[in-house]
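Labels run A, B, C, D and E following the written order; every chain starts at residue 1.
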Amino acid sequence: MEISIDVLIFYLVSLVVVGSACIVAFSRNIVHSAFSLLGTFGGVAGLYVFLGADFVAAVQVLIYVGGILVLILFAVMLTHRISDIDITNRTVGRIPGLVAVAVFLGILVYAIGETDWVKVKEVAYAPTTATIGNLFLGDYLLPFQIAAVVLLVALIGAITLSRKEIKE
Amino acid sequence: MAAYVAMLTKVGLEHYLVVGGILFALGIYIVLTRRNAISILLGVELILNSAGLNYVAFSHFSTGNVDGQIYTVFIIMLAASEAAIGLAIVLAIYQLFATIDVEATETLKD
Amino acid sequence: MTEHVLSYMVFFPLAGMLVVLILPSGRHDLIRWVSAAATVPPLILGVWLYANFDTTTTGMQFVERAAWIPAFNIEYFIGVDGLSVSMLLLTALLSFLCIFASWGIDKGVKGYFALFLLLDTGMTGVFVALDFVLFYVFWEVMLLPMYFLIGIWGGPRKEYAAIKFFLYTLLGSVLMLVAILALYFYSEPNTFDMTKLMDRSSLYSTTPLAMWPFNVWGWGFQHVVWMALFIGFAIKIPAFPFHTWLPDAHVEAPTAISVILAGILLKMGTYGILRINYPMLPAATADLAFWFLAALGAWNIVYGGLCAMAQTDMKKLVAYSSVSHMGYVMLGMAAFNTQGINGAVLQMFNHGTITAMLFLLVGVIYDRAHHRDINGFGGLAGIMPVYAGFTALAFFASMGLPGLSGFVSEVLVLLGAWPKYHALTIIAALGIVITAGYMLWMMQRVYLGPPNEKYRDLPEINGREIFTLFPLGVIVVVVGVYPRVVLDLLQASLNNINQMVISHLS
Amino acid sequence: MDLGNLASLKLFHPEIVLAGTIILLTILDLVVANKRLMAYVGLAGCLVALAATLELYGTEPTLLFHRMVALDNFALFFKVVTLVALVAAIWMSIGSGEVRQVHLGEYYIVLLTCGFGMFFMASGNNLLMAYLGLELVSLTSYILTGMLPHNRRSAEAALKYLIYGGVASGTMIYGMSWVFGMAGSLDYAAINAAMSQGDGNEAGLFIAFVFILAGFGYKMAFAPFHMWSPDVYQGAPTPFTGFLSVASNAAGLAILIRFFYPAVSTLGQEGIWTFQAFPALQWTDLLVAVSIVTMTWGNLSALNQNNVKRLLAYSGIAHAGYIMMGLVVLNNDGLTAMLFYVVVYLIMNLGAFLVVMVVANATGREDMEAYRGLAWRGAAFPAVCMAVFVFSLTGLPPLAGFIGKLLLFAAIIEGQFYVLAVAAIINTVISLYYYARIAKTMFLDDPGPDDGPVTATASAVPLLGALMVLTVVLGVYWGPLLDYTTGSLGFFMK
Amino acid sequence: MDHPVQTDFLRWIVLFPLLGAAVNGLLGARIQERAGKRMVAFIACAPVTLSFLFSLWAYSRLLGLPAKERFLIDRFYTWIPMGSFSVDVAFWVDPLSAIMILVVSGIGGLIHFYSIGYMHDDRSMWRYFAYLNLFTFSMLLLVTGDNLLVMFVGWEGVGLCSWALIGFWYTDHTNTRAGNKAFIVNRIGDFGFVLGIFLLYWTLSGQGQGTLAFREIAEHVGLLADLELWGVGVATLVTILLFIGATGKSAQIPLYVWLPDAMQGPTPVSALIHAATMVTAGVYMIARLNGLFSAAPATLQIIAVVGAATAFFAATVAITQTDIKRVLAYSTISQLGYMFLAMGVTAYSAGVFHLLTHAFFKACLFLGSGSIIHAMQGEQDMRQMGGLRKVMPATFRTFAIAVLAIAGTPFLAGFFSKDAILWQAWATHNQLLWGVAVFVAGLTAFYMFRQFFMVFFGQCRADHHVQEHLHESPKIMTYPLWILAAGSVVVGYLGLPAFLGGSMLDHWLDPVIHVPHGEHHAVMEEVGVMSVSIVAAAAGVVLAWFLYYVRTPSRDESPEARGFAYRVLFNKYYVDEVYQFVFVGGTLLLARVGAAFDRYIIDTIVDGTAKVTTILAWFNGLFDKYVIDMLVNAVANVTFAVGNNFRRVQTGNINSYLYVVVGAVVVALIVKLRYWS
């Protein structure tokens, strides 16, 4: 009954992920929720590292933590007066919500256990950045280009939507 | 018993999937119960993260190549775009309704 | 020219409609005359058809066929037998006359006549179509113009009537569509060709289905399809209990549309049963005819007659009389003998002419007095003698007085029905008494008695109105005295249809 | 035949033209003052793309860009549909009073990008491309929905749409990740191969498929994933609503068919498809249930609607239910019927929204009362067209909608799904009620005292006429279209 | 015999009056306006006269043939050729129909002429003559039709004309109601008649001899023997059904009620239609089908009883009536009862004989009463008359002859014919019926003389004004009266009883009527029976003389002053009231119930279906509105008041939308995993 250190760390990181996700879900304070997301994102990044996905982990940290989270915090600040920050994160219907989600989760976990997933014999740990970079310009060139279109249009859209002056 | 212990002591694909599942369920819980538009967006981010985690886990345990990781990268990218647009909409809502409580913004209904 | 005579008959009104559409909407008289002109060629061609029709064969004549949608074997396939020709003539004649009966329409003239001509095409098409999809298309083409013609140009409760008509008939036609598709997929190879489907009638299974409640009734595939088709047709006939759209639609519709409705549309129900149910589903026809054709028909006769008696609105009375008279058709066709089936179709033809007259006559008085309350008139015979004369003719024809057309068909129907259904025939024969009752009672209240001072100055029926009534009156008398003008046309075809069912009678 | 990146480009003209147009518009937006020009440029771009698409017919089916997208008749069909819808939407936008209020430059850029995304929904040949395409369409749709400035309805609709879409697509990729885990590949062909060997994963597969269905279903707006659509339809600018109702629906159908047919099923004899590896999945029962619930829910909800746009949204849901009938039978006849219906639905529904737009332009209203006596208020032509469209939507011959329904009915009756057929019949009759109510209001009701005259926007009339003529013509002579849709069933997989 | 000679001119006997009717009916108004009433009258009378001449021609042709071959036919064209069922429009004349055509066209012609005078002041004379001609046509068609269906055409046609003529003065609703009553009651009879035709045809058809032609029916009657339907012999059933038709047309119990009301028509019409010709159609029909009826003894028994009962019943009513025409109407019903009694005792020939004599004296009586009414300026109440013999001598004399004839005065027509019937009833051992008939003979004498005395004797009780204008009718009216009166005397000698030389009529009819020759009876028996009826008649006359000549009737005699029995009789046993209540009321009630069923039940079901759909839709909305939010709000926030939740209807809530998605997915998964695996 030995528990190796990496297993322990996995549980620890998972705990961080799930715990902070729970705060996101259950906190009555939107700022708390937003900040707890940091824990979840960071924890997931940690799990990515465990899974040998160094590039993805980096992207996760950069974009999620550095980008999305900041954006969300901005939005929180812009849409709330500081004084009523405590009462704006209303949650309604906890019990039916919890019941539904618990059943849901039960089914998911059951299915995860039942399913015969594809497994490779050897699990490899190797740096992936170069591979991914090559693929982006090779096999995955088209999605990569489309991503550019997505970002462009998101940019235009975000600007348009937040710039609301009346024309004419 | 030993089997269960073994299940706990050796971290495998299923563990990551369960973490992903919990994240997914929490995300669903949030979108069901939260009334604050930004909070609901947080729930959506959790859902996207759970999926991303699944892809990377499968990439690691099931395929041995980086296809899943690339998928996750795209998820993150799209999550960012969606967040940008979503927050822009939230701001617009706030300008028009002076609140972002989705119960207060129900002019469209039967 | 002659090989496409049916196509010309079908599409000439449509061409007329297109012409009407491009005319300026202010030129009312021009529109009316163009519409009238568009209905003349079908009438002439109809007469030509009648003259050149070979009454000795049972096959389809003047057939035209062309591939339409090859992928589904759907064809533009039209042709006529005796049954169709009689209905075709009726359609051509009534359409032509109704244009003149519509002369007084002055709201939305262009729309009215355009829709009317479209309706004409649809009606004509139904009677010539031999491809199921084509049939269904024409069938539904009638629906929309009718909806608008009632709904826009109708009486006070036009919307209710129009929507009721629409919902009823749509329900029926959707069921019909399902039945058509079922027949298509059961035919091997799949075909919509009605003549081929008739030849393969033995393929449709009558083995009882396991599905409740069909297992209780012992119904097979054939019965279920029969029933789906029957409901569709019964709504049009209209058979009890699907008849309640009819009084409303008639009461609200403008005169000409009532005429078309009663004169032609109702015939489509019975036409459909004879054209489709009988030859294609003979075993089911044989099994179900008692309850759904004979019993329902007899019930229709008595029930419609009694309802008519209780009415105070002339149009409603005539409408219920239609319910009653169409009962004869159902009873007759269920007799499965020469007399019954020929009588039934002759009754269709006669009812078409007689009821058309009745509605035109009611329209004449409605145009003058602006109401149709039976109790609100009196002594019109003295005020409008010529009008009263036409009315008497129509009433007595409707009553089935010998020497007029209604008699021949009713006698044939009852005569035909007797050997198979004694009790039902006796019930149906009660219709003789009931019809006389309500017709005479109405006649007494409206036309006889002391002249109503209010209407002392009503103008006598005018030339245009006489023009619409006169041909019908002539037909009523001629067919009564010499019914062979129609019967000879029918016999070969109908006996053929009848023959297909007879072998399945137990 | 798989092609690499460079080799693919010469078979990629439509996308290139469209992308080029988008970029051109972006630049033009910065330099041109007259924003109306943008519309014409966009229109021209779409037409060129359409020409380029048509030119690709006859090419050997190919997988492009290292198996990312498929070039086959099926994809081309949906590209054509998308481009036609785009052309119509742009044309409508030119005459729309609502669209005049928005930032026209951005509007057309985003609209074209939306269509661009639909291309990949139709042609995407692996899970990543499917997701990307769908998200591209979703994101642009959110933007377009929320574009009306200072409009509460518009912003609210956009928010609801975004949240709903985010959850739905999140659920979908979660489900896709399981498929990835079970098949070990993102590529459809590989998934198909894996599916044909694997077994015992029924529970997991079912969950994954249901999740994926949530994503696709939300695009197609079938129950229970439809609830966003009435609100969004009502809130969005009308030309875009029209586009959304037909193109989004079509694209959802395209992505759904490409995933559930070529990717996880095999084509057997006589056009009959079988689900790989898990015959006991009861997949059809689920689809039957979904179809019935969708059409019933849509129709019942539409009955009491007073807002015509909202009514058309519910009618759209009902039509999604009808289209689903073709899915149930798992054969090529059903697929053909669905594709046919997509075309027909595109024509008649766009027409209906065009009339809604004409009325809204003149009166500023979308409620039923605004249509009272429309035919007698100088708008006889739009009223007649609307009548044709709604009766076609009902499925009355000789209009195109009838043929669409006929083919669908034919498919399910051939497959002996009688319960479904009966449900569809009942629904057809129910639907007649509210469609006829529109016609009734336009023709049978007298205009109210305050109802002013309605004049059709000049640009709307030719489009309206064209759509109406098409509705009638396709109801009578539909052989070529049927051939075309039958021919569009060519999938390229291996 | 099997291939009778085609005699083309027969059709003209029938068609001439139709031509007259057509001309007057279509163009009459104009002719009357342009050329005057004389022209109209000419157009009407000429065809009937021609018909009569052609009838004589036909008669003479018959005379020229051997007795067994007296049979002419004119096949006009095939009317309804329908498989085995083929009906020709064909006319035939045999001894029986020869009598009828002579009566119809002869007496009909006289009445046409009479009408010229009677209707002289009516502005719709053209219409009257058109109807009258049409009637003559129909009646001739009825009697010459060679098969049942053609006969039925005439049968209905005379009904139509009767309707039109009863309601001739249509501006008075009493008249039109009477017309309708006649028509509808006749239709009830026709209901039986057509069913009888069908049953007869199909039964014969079942034996391979489907036909409706009289000659063929007579030939194949034997085939009906032993066939049964519903436990009754087919022959019996057929004849009963046909007899129902006859009761309608010939005003027998229970369908006699229309005839008294039919007196609303112009009096010549009453004479022609409701006395001489149409009402005897039922008798003619039975005589025509005597072979068939003879094969159904049960039916004959019924006919005899019904005939006797009607005779008695109508005679009792007649004794109290005060309307001059109503007395005659009830008398007609009574006399028709005699004829049916004759039919019932297989005395077909005697029945036809009575038909013939009755046609003369009853027509004479009616025309006489018409002459009186004409003189009295429309007054019909006998209490207002009296003493007219001085003013109207011709009418008085002819009327007297006819009264004597009908009362059974020896050696006048009525005596012989009535006696033939009475004797046959006695001879066929129907003594009870004979007794009734004799009693009725007495009653007949009584009410006829009551009328005679009230009208012609005593003081005139009419208004002063009317009295001043009393006058004899013009010659065009009195000549026919004389001819008919002469007939009332002479025709009786056609059918002398056996002991006075035998009946020429029996002999003439022998080829078509096959009466089984009864047992031989002693002459004295016959004479004895005859004397009884003479005594009865005499008693009636004496009683009438005592009551209405000796005690002059008062002007204001009212039924209320009399006893209960008188009131019952005066009110015709209240049969009309009962019929009105039970049948007319019942039918109308049914009609209303049917209509109400339509309006309330069926339409409610239809509307209900729509409502259910709407409710479903509403429920659907409710589901949106309440159920989802209840899950979200009410269930969760128990602290919130329920009412508050209802007010805060939160549709359009994105969370609830998502609930639907998640809920549906969860349900799908559970169903799948729990039940489908």
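Some observations on this one:
We take it that a residue touches a chain if its C-beta (ideal position, glycine included) is under 8 Å from a C-beta of that chain, and two chains touch if they have at least 3 such contacts.
These numbers come from a predicted model, not from an experiment.
Among the remaining chains, those touching chain A and also chain B are D, E.
Relative to the whole-protein C-alpha centroid, the nearest chain centroid is that of C. Seen from the Cα centre of chain A, the chain whose own Cα centre is farthest off is E.
When every pair of chains is scored by its C-beta contact pairs, the maximum goes to A-B. Mean C-alpha position of chain B lies 95 Å from that of chain E. Computed from the mean C-alpha positions, the centre of chain D lies at a distance of 76 Å from the centre of chain E.
Distance between chain C and chain E, defined via averaged C-alpha coordinates, is recorded as 35 Å. Computed centre separation for the pair chain A/chain E is 100 angstrom, with centres defined by C-alpha atoms.
Of all residues in chain E, those touching 2 or more other chains are 610, 621, 624, 652, 654-655, 658-659, 662-663, 665, 669, 673, listed in ascending order. Residues of chain C in contact with two or more other chains: 167.
For chain B, the set of residues that touch two or more other chains comprises 13, 17, 24, 28, 31-35, 40-41, 43, 57-58, 62-63, 70, 74, 78, 81-82, 85, 89-90, 92, 102-103, 106-110.
Looking at which chains touch one another, you get A-B, A-D, A-E, B-D, B-E, C-D, C-E, D-E. Contact residues on chain C toward chain D in their complex (touch as defined above): 68-72, 111, 133, 136-137, 139-141, 143-144, 147-148, 151-152, 158-159, 162-163, 166-167, 170-171, 174-175, 177-178, 181-182, 184-185. Those residues of chain D that touch chain C in the shared complex are 380, 387, 391, 394, 396-398, 402, 406, 409-410, 413-414, 421, 425, 428-429, 432-433, 436, 439-440, 443-445, 475-479, 482-483, 486. Of all residues in chain D, only 5, 8, 19, 22, 26, 64-66, 68-69, 100-103, 106, 109-110, 113, 116, 120, 128-129, 132-133, 135-136, 139-140, 142-143, 146-147, 149-150, 158, 178, 181-184, 194, 198, 200-201, 203-204, 207 touch chain A in the complex they form. Contacts from chain A toward chain D in the complex involve residues 107-108, 110-112, 114-118, 138-143, 146-147, 149-150, 152-154, 156-157, 159-161, 163-168.
Taken together, the chain E residues at the contact with chain A in this complex read 631-633, 635-637, 655, 659, 662-663, 665-666, 669-670, 673.
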